[in-house]
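Below you will find the structure I want to go over with you.
Letters A, B, C and D name the chains as they come in the text, with residue numbers starting at 1 for each one.
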Amino acid sequence: MQRIGVFVCHCGTNIAATVDVAKVAEMALNEQGVVHAEDYQYMCSEAGQAKIQAAIKEKNLTGIVVCSCSPRMHETTFREAAERAGLNPYMVEIANIREHCSWIHKDVEEATKKAVILMRAAVAKVNLNAPLKPGESRVTKRALVIGGGIAGIQTALDIADAGYKVDIVEKTPSIGGRMSQLDKTFPTLDCSACILTPKMVEVNKHENVTIYTYSEVEKVSGFVGDFTVDIRKKARSVDMDKCTGCGVCQEKCPSKKTLSEFNRGLNTRSAIYTPFAQAIPNVPVIDRDSCMKFQTGKCGVCSKVCQAGAIDYEQQDEIITEKYGAIVVATGFDMIKLDNYDEYAYSQSPDVITSLELERVMNAAGPTKGHLERLSDGKAPKEMVFIQCVGSRCSDDRGKSYCSKICCMYTAKHAMLIRDKYPDVNVTVFYIDVRTPGKNFDEFYRRAVEDYGVNYIKGQVGKVIPQPDGKLLVRGVDLIDNKQILKEADMVVLAAAIEPNPDVRKIATMLTASIDTNNFLTEAHAKLRPVESPTAGIFLSGVCQGPKDIPETVSQAGAAAVKAIGLLAKDKLMTNPCTAHSDELMCNGCSQCANVCPYGAISYEVKEINDHGVRETRRVAVVNNALCQGCGACTVTCPSGAMDLQGFSNRQILAEVDAICR
Amino acid sequence: MSIEANEEFKPKIVAFCCNWCSYAGADLAGSSRLAYPADVKIIRVPCSCRVNPMFILRAFEKGADGVILCGCHPGDCHYSTGNFYARRRMTMLFSMLDYMGVENGRTRVEWVSAAEGVKFSTTMNEFVQKIHSLGKNVRLGDLRCRN
Amino acid sequence: MQELIARAKELLADGTVARVLGWKAGDLPYNPEPAYFEKEEDFKDFVYNSFCGANLSKFMIEASKLEGKTLVCLKPCDTYSFNQLLSEHRVDRDKAYIVGVGCKGKLDIEKIKKQGIKGIKSISGAEISDEADTLTIDTIYGEKTCAFSDAMLERCHVCKGKEHKIYDEIIGESKETKDAERFAEVERIEAMSPEEKFAFFRKELSKCIRCNACRNVCPACSCRKCVFDSTKFDSSQKANVDSFEEKMFHIIRAFHVAGRCTDCGECSRVCPQGIPLHLFNRKFIKEIDELYGEYQAGETVVEKGPLTSYTFDDVEPGIVAERG
Amino acid sequence: MSTLNNQTEQVKEISGVNPLKCMKCGKCSASCPSFNEMDIKPHQFVSYVQNEDIEALVNSKSLWKCLSCFACVERCPRDVKPGKLIDAARQIVIRQKGQDYLSPNEIPELLDPEIPQQLLVSAFRRYRR
């Protein structure tokens, strides 16, 4: 028989204004097992916790129910308080009478009635609670960072500097990510490569960092502290140890017709290539789909010219299996496809480009060697039009519902740079809103307008019409003047929305990390745990969590690193004791439970079972408590009811049901 | 609304909410002060797949007028696949109840994410209204009367 | 039958099998019962005729624990159950020597009795080797006849086919007896109004005396300990004690075997109250076929059944309400 | 509910548009081929409905200058679709005149070579139900 204490919190007036807390406490005394009930202004406060602890000791309580805010808020608080008073923390149940009651109901009588029922359900449950003891699991002192852009690089560096081993897995042949494609960065206008390259070199040299480029995560198993990850190292066809990075192979490669991914398809590259000059590692890969040797069997030029003998056409994909304690996702973003935006003529005219393409055009290593010119005829533009929010802030299915956040600033940057370098070019920006929260951001935008004479027009463009003479007729609106504008432009630049890397859904599924409808990874708490995934041991760095600029990405990358370090610094982790447990006397050994277990936590053993004196050898399910995360899928699948979930047992839930329906 | 009009009938409604999405969605509805009738009482379960059809039948048998199960959106399950199993199980259970002539509006599954406080509240409002329109549940309590 | 007996004796004699699981004659001409045969002389009671409806697969759970192999006689439809039990690791394939026995449809004595045939002394035409379409029944009131198909069990009218899905050898010919639509009855109920449905099931379920025959015979209901006998759901004890169990027993039982039930029809065959219990299971089978793709439990040995698998695009449970 | 309010509700109901979704980007006006002919511009239509000033809409030139080309409907990123609001306002006028229906017989004499074909089609779609 339990001795239960019920503690009803006023939460100031948050609860007490709508729920008659004294009544709830009074009613609690009628419930089975309840030997103590009281209400107090703030149960979560020091004084409130002291009351709970005092009651536990004085009344020898075996279980407590706190009627308060959501267990997501203070369950841990009260569990810890109970534990300090010598009560098993899992003998605590919370009745949520704030979020689920006082905050949504107005009528005091009705809300009080409901609060009493919620209290009853919690008491009914706690009557059936049993003390649980968390297990311990070890922590592998190694972190995995998925994605080698600025976010991944920064996270890896910070973890490595703290003395832990880090592996970076990057899908493309080089680390560097989107930032390596940028020309200049706002709001300081320093060159992207100048600040990124040193970091790339540093991470590459770091003794604690291993970089797997041209590699992808293939399989993830395990749990926080002890993940096992299979990494597919795709065949590079070049021996990384032998290659000196001289670049002769790329020069001599006869197949140079593949669109350059790095230059956003604005020019071409050879079949054997490094994405860009500062690539790390500076070892090319053979793109087998466009290599003549692989496609026709005839060629082999690269192998002939390679002094180091590094070319290896026979190389195979390699699977590397490694254990990690923490995983940081830094998969970044891409621009959305503009297929659905015919009105901007993106696919009709080479002179309508995205902002990221403009970055390449403006970059000295880009397709035009940094000269601002029309891609159709190489002429210098005189009129440039920028269109904002292309595919951002859309509620239809053509675009994204969110603000891409970085476009206002990079467009101001582009406009300013163009006006600075080519003062005779007129720059017009069509915008819906200009959003510049950030240090020195609005000043930056104002400089574009005031010092550089960029023409900002509040309004959108309805259509871009390519003219026979190669000009682009832009029809927009000026909402301030209430006039429609027809403008001939030489180039149009679209601030296309950004979206999470398309691979992220696959990765999130492997990690069992949750993801929102826009494919951004979900954080554990929007405000208080912004760099952690709700899945323990998974951390979020950079745009994979939501749109952000470089400074924000870098600070989040550091924060994710700190969280990962905090985990790696522990020798042991307490595991969730609310795991499944199979009663071997009842287990049929039918394997249904293993079929639905997402963690592979259930295995089968053939063992001798002593069923009240009857000995029998048979196949029974055994749950690995370290792997089990406590979802309960197995408990429902189990036909005999042998499988039950500790902390959420069949009887406990049925008791709650009964209490509510009583 | 019909809820005020019909004061006599106070339905008993059990809502099973998964801990990670829907319970948090209900918390968000609470912190956003998005009201729904007090008839709804929430039971927290780790995942929608923890809900045994027996729990639902038990609720009806003990006098519940409606049972709703809320979980993460398919594909977003905290345990990655739990709600997929829940979805099949509930489809089967609902179809059986329908087959036996028990009004199928008394059971419902809704996917509510942690961010969907509004959806949680509107879903509950709708559901309570639906139960009001169906009235008191007599059939499941009376499936095998011995007369 | 003689061929079967001869072969069984042979396998016993050469030590291939330690025992034979078949049917022995009951105290009436139409109620043979499952039995083990271990010695030559036991076979005097061995019988295999059209009244041997009992599905012997379930016995193999216990037989799998015995020393040596058991020869088990399985009709085509029984082999589905055996496969399903194999999928669930409940029987040991290595402990079974499966003789696929011929079947030309099994008989339901209740259907014969319903035709007013009483005082039965003996029945001819029920032998497996007989090609007779008519049963000749010798009763204390004289000789009566009855068309074979009119006396067939419901399940034989929707026969799954004459093929044995798993066997070591086959003895005897089988015949497909399907002459009705498997889901016709389910569809008939589906077409009823909710009130009619409810009235129908209430009437049927009210007959239940909770004898547990359906559960005990069901090859899918093979739990070591039934949840209804367990304290874990507060659903223990026998009928009448707990109203939960009382009302929900058949729904829960159907749910427990959903996706695993091979539709062998034993539940309905053994129900002393004549409740058409197969209508629950068949509803689930129909739904699974329609919503998740055709699936016949026990067709082959599989790892995952329809309720332990999923697809991303599965229908939502709301479909039930939407299709009305 | 006042008549004014009532008209606003009617416009919302007929059009199925929630004007509060508008983020005032102006893409509708930027897309509109009749922009220069209009006294109330397409994007303003939305704010007129928001401000419940249907009277002004009904009396505007714009109402009859809209070609129903639906460029604004097609391109609106927020699903506000001013073209539908304009259509709804027209409907209100027609209803006020007690002519819910346009009969095909009336067309020939109404026919004006200046009227774009699309308007006719659109008018028919609306009024011939």
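Going forward, a residue touches a chain if its C-beta (ideal position, glycine included) is under 8 Å from a C-beta of that chain, and two chains touch if they have at least 3 such contacts.
Keep in mind that what you see is a predicted model, and the values were worked out from it rather than measured.
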| item | value |
| --- | --- |
| Which of A-D and A-B has more C-beta pairs touching across its chains | A-B |
| Chain A-chain D separation of Cα centroids, rounded to whole Å | 44 |
| CA centroid of chain A to CA centroid of chain B, Å | 30 |
| Centre distance in Å when chain B and chain C are each reduced to the mean of their C-alpha atoms | 36 |
| Interchain centroid distance [CA atoms averaged], chain C/chain D, Å | 68 |
| Residue list for chain B, restricted to those that touch at least two other chains | 53-54, 58, 62, 75, 81, 85, 89 |
| Touching two or more other chains - residues of chain D | none |
| Of all residues in chain A, the ones touching two or more other chains | 596, 637, 650, 654 |
| Interchain pairs in contact, sorted by label | A-B, A-C, A-D, B-C |
| Contacting residues of chain A [partner chain C, same complex] | 583, 585-592, 595-596, 604, 616, 618-619, 637, 639-642, 644, 649-651, 654 |
| In the complex with chain A, residue positions of chain B that touch it | 12, 14, 19-21, 23-24, 26-27, 29-31, 33-36, 38, 41-47, 49-55, 58-59, 62-64, 72-73, 75-82, 85, 89, 113-115, 121 |
| Complex contacts: residues of chain B adjacent to chain C | 53-54, 57-58, 61-62, 74-75, 81, 84-85, 87-105, 107-109, 139-147 |
| Of chain D, residues touching chain A in the complex | 21, 23-32, 35-36, 41, 43-44, 71, 75-79 |
| Interface residues, chain C side, partner chain A - complex | 65, 88-90, 222-227, 230, 232-234, 256-257, 260, 303-305, 307-309 |
